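You will see two complexes here that share chain A, one where it goes with chain B and one where it goes with chain C.
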Partner chain A sequence: MGVSIVSREQTQTEIEKNNEQENKDVDSQKSSSGLVIFWKELLNDKLALVSLIFFTLVTLFVFGVSLILDQDQVVRVDLFAIYEPPSSEFWLGTDYGGRDVFGQLIIGTRNSLSIGFLVTLISGVIGVVFGVVSGYFGGHVDNFLMRIVDFFMVLPFFMLVIVFVSVAPDYNVWTFSLIMAAFLWMGIARLIRSKALQEKELDYAQASRTLGSSHFSIIFKQVLPNITSLVVVTMTLNLAANIGIESGLSFLGFGFPEDTPSLGTLLSYTTNPTTLEERWWIWLPAAILILLLMLAVRNVGEALKRAADARQRRA
Partner chain B sequence: MTLLKVDDLKVHFPIRGGILNRKIDSIKAVDGVSFEIQPGETYGLVGESGSGKTTTGKAVMGLNKITGGEIYFKDELLNAGKKVNIRKDIQMIFQDPYSSLNPRKRVLDIIAEPLRNYEKLSKKEEKKKVQELLEKVGLSPESILKYPHEFSGGQRQRIGVARAIALKPKLIIMDEPVSALDVSVQAQVLNFMQDLQKELNLTYLFISHDLGVVKHMCDRIGIMYNGRYVEEGTKEEIFNDPQHIYTKRLVAAIPDINPQNRKENLEFREEVKNEFSNSFNNYFDEEGLAYQLKPVTDTHRVALPEKG
Partner chain C sequence: MWKFIVRRLLITTPQIVLLSAIVFILAQLMPGDALTGLIDPTVKQERLEELRVQLGLDNPWYIQYRDWVAGIVQGDFGRSFIYKMDVTELIGQRIVNTIWLSVVSVFFIYAIGLPLGIISGRYNDRLIDQLITGYTYIGFATPIFIFGLIAVWIFGFVLGWFPTGGSVAPGLDPGTLEYYLSKIHHVLLPALSIALIGTVGTVQYLRSEIVDTKQRDFIITARAKGASESRVYNRHIFRNSILPIAAFFGYEIVNLINGTVLIEQIFSYPGMGNLFLESIVRRDTTVAITLVLISGIGAILGALLSDIILSMVDPRIRIK
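On to the complex of A and B.
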């Protein structure tokens, strides 16, 4: 056996030599952090880069401008300016109540984005906690939690949201987000659970047990950091979906009322055939904006996804 | 005083199936294993894949549910309970240095994890302690802010060792600590562990399938097969005077580095192989399990059949 033959002195000097060598190697090649990898991936994928810039600009613009813009002013009915086409006074014309469409578009985009962010955040937090706890403990805990997930999944999403929206006493961006998030966390929970099931079997999770760490600290300090890339990617992709869902609900008339504009309420003007055919300025900008925003978020999400997985990386 | 006493340890894993996920059978990963470890010695646990040696180690560590039997550490019962202060004295070094270190944590956080759990140190003391530990295992103290993937396999295993000795444990369970390393690094790590044992007065439970490594490291050895002990004795007894047919075959399989003996070795192995297949039924019961251990000398116990 080779081990016993190598003499002690020889190995000692070898250790020192190796250590020197390895220390040198380690210093010279610092591996790049997650953000750097993501940035490289973006530079390589021009479409994603443009998408990110577009999305950031739109977000900053609508949140910035809506600070100055007075919502009551925008949604005030003006009977002398019904269905005005675009002009220097009303950049995107007016609707049937004489309300400025451009102002509604700005505030509507802000509302839609806020809801998108909030829903993604709330459903993400619930889903991640549910999934990681379920996957980590496994067994009966997993069984129980996953049956709750199954229960929520068989519920008819749109019908329930519509019911809750109708009965909610105080109806605003926050309550609407909560109602939506309550039925949108299951997908994330399932995804995170499957990943947590894998992670907890790895030696480092077991090692933490032997070092006296509690389950709580293993779940949130050891396992969760290893799942973050997955969390970030899913949440980004969900953001696009959630903006779409909000618009859909508002289009159906179960989102916001007209005095709280959103991209969906602008779209819902198309239920009037004359508006659809002849007054494009009311709905077309909103439709294009929804399309572009969702595409932009999706492109960034895909780039993130590739950055998180070395096998898919292009850069 | 006995440091660790394992008495009739059983770890069975249920096989579930049928309607309502009932327990229909069980895998007896460890089935009635008893041994004792004295302070300061290195006890080797040897066996083929699936013989239950790792499961035994993990049961002692508290990572597996114990089906039956008792584990005493310094005369205190250690079954699955939350004896925090005793658990602190038993640490483990894992087989795979690539998966046993959290890839998202810096070396500082990895080695400080046990310290944060048991000792309340200030940030400064903690950093100093971690640097001392790194120095002790032969790594540069400047590397505390690096991530595990920036190290080689041998260096990673040293980080694992530093983490295991951070709490000054009495017993360290080493689950094939060098199997994932190449032979030249194996020698480094093993010799370094022996030095560490002398320096810190440690006791090792050394789990391995590599007889050469075991011969190099261990004072006493237990041989496992199919969840049971087939033979236990000192290093000399096991390697020079194997009594059980399974041990004989295992020892005969150790490669000899001298090519001149090649023919004789081959013949000897053939002979042992024939003896093994001819007398297999004498040494194992109908299920292919080993019999109860019977003492041959004071230190040597062998699972010989009733009829002798």
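On to the complex of A and C.
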């Protein structure tokens, strides 16, 4: 008995060793994995690398600082310190309620980034499922689903979101993200659909079907993993756009409520012309930060896009 | 081509019906109805109920929907309870301003986009192209309202070159030369803000079309025949590359409708977008809902226009 166990263990380790050996051989032949390709592309594109570092630092900073910073304290009104210009006490001055602009900038960035991620994720999931189903089945299903996409594409998106926000019964960050995502999934759906149309004609999908795999498992276990790179690229580029759209809505006053400031909230103070004209410290930092964040995410997205397409790679 | 246009028109009809249904449901969800403006202590509750019955507000939803659609078809959108006037009349005043802003914006979009796209495509990878590509890269990532805000701050407030609000200086008689000059002065900055960001797509598209067309066989043939460089560009390349740009014209309308809401707010420009935000804030449901409907129909027709132009200039679409 004891002997047999030992011998089994021995064979086990031998097999593992063999496997390792084989893996090494395979590794040296096959092309590098997605992550490695992306990393090489990034190292080659200094602008994208700097952008990624900048974005990571800003994200870590705002999430880290807002752990110690109390949101309630930042948005508390202090009537003795209204419209203070930048000073050593208030690095970026104060707004009409005497609230510290720098603190609002940090919390606003955190909220803008969070909602950006959330909306990108929700709209991405809707878009990917819609697109991959439409492309995989093709024919009448595709025709019908794409007419829905066409319809959503021409809707006056901004106006409808504003109306929905104003009628939403239980309005909070989640309903806001859902409303935004409901009108932002069409682009990714179209893109994924056209890719899925090509993918399902390939031999592996056909063979899998012949072997009796269900549509569900072909779509989600086989076709979807093969188009992951496209999904990642699109979602990154969408993240940049969504940060901008959210701040636009908050700027108009139809985004976050004022006690949860976003970067757009700071911009919305410019509805007071005197603030726009004379108190630049309230809104200009937020405007520049939105621009920089969007550019940074886009730079990373463009590098990812090149990495995903072998013909465009620089590395 | 006619077959395609008819089929495309058939898709448009359900789109408009669906849009009207969504708008109708939203109108029901929004607080207030046609009588909200009448609520005041001097009007008795019984009288209000009577009026509700008179206006058909107690009917089941499908009858209300039918009446609403019937009214719209006849041009009756209801009354604004804040301005105490017909919605048609109220929107009529504002829509002129928005159309004026849109026309000037579209003019600048092409006046800026076409030359930049052509230069960028013709001299690709040279310094001038790199500058233009850099501009489109940044422009693509810039939200229109941030650009507008910075523009109004620098050129409106700090430098004082442009007015910072309104569509015309007060106290001028319509019809005089000063009146028209003032209108142009007021529209320039908002229109340029829309155009400088909005034209980026056109520049990028035109550039890649031209770079693409340059390497085609018929261009090599044209050169081999001895056609001059300017002839090759003006007669052969440009003509082929401009067609898809023309087809995107309708989609510009869709973009403009979304863009004007933000731009009109920043420049306090009295157009439809401005009126829309005001009516949402002040709960003037009939006005807000009508504006959504009009913009939606405008966008649907814009997309239709684009597809029809595209089918005329690109035979491949007709065959499908």
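Keep in mind that, in the parts below, the second predicted complex is superposed on the first by the 286 of 315 C-alpha atoms of A that agree within 3 Å, B and C clash if a C-alpha of one lies under 4 Å from a C-alpha of the other, contacts with A are read in each partner's own complex, and residues count from 1 in each chain.
Please note the rule applied: contacts are C-beta pairs under 8 Å (C-beta built on N, C-alpha and C of every residue); 3 or more make two chains touch, one makes a residue touch a chain.
The shown structure was predicted, so the numbers you read here are calculated from the model rather than taken from an experiment.
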When the two structures are overlaid on chain A, which partner does A:L252 contact: first (chain B), second (chain C), both, or neither?
second
Quick check on the superposed pair: does A:F157 touch chain B, chain C, both, or neither? Answer first, second, both or neither.
second
Just checking: does A:S194 make contact with chain B only, chain C only, both, or neither of them? Give me first, second, both or neither.
neither
Looking at A:T56 after the superposition, I want to know if it touches chain B, chain C, both of them or none. Which is it: first, second, both, neither?
neither
According to the stated criteria, A:L202 is in contact with first (chain B), second (chain C), both, or neither; which is it?
first
Which partner chains sit in contact with A:G244 here, chain B, chain C, both or neither? Use first/second/both/neither.
second
For A:M294, is the partner it touches chain B (first), chain C (second), both, or none of the two (neither)?
second
Which residues form the common part of the chain A surface touched by chain B and by chain C?
none
Going by the contact rule set out above, which residues of chain A touch chain C in the complex?
147, 150-151, 153-160, 162-164, 166-167, 240, 244-245, 247-248, 251-254, 267, 270-271, 273, 276-277, 280, 283-284, 287, 290-291, 294-295, 298
Tell me, which parts of chain B touch chain A in their complex?
61-63, 84, 87-88, 90-92, 94-96, 99-105, 113-114, 117-118, 138-140, 143, 146-147, 149-152, 154-155, 160, 163, 167, 183-188, 190-192, 211-213, 215-216, 254-255, 257
Can you list the chain C residues touching chain A in their complex?
11, 15, 18-19, 22, 26, 29-31, 138, 140-146, 149-150, 152-153, 157-158, 164-165, 254, 257-258, 261-262, 265-266, 276-277, 280-281, 288-289, 291-292, 295-296, 299-300, 302-303
Touching chain B in the complex, chain A uses residues 1-6, 8, 11-12, 14-15, 18-19, 22-23, 26, 29-31, 202-204, 206-213, 222, 225-226
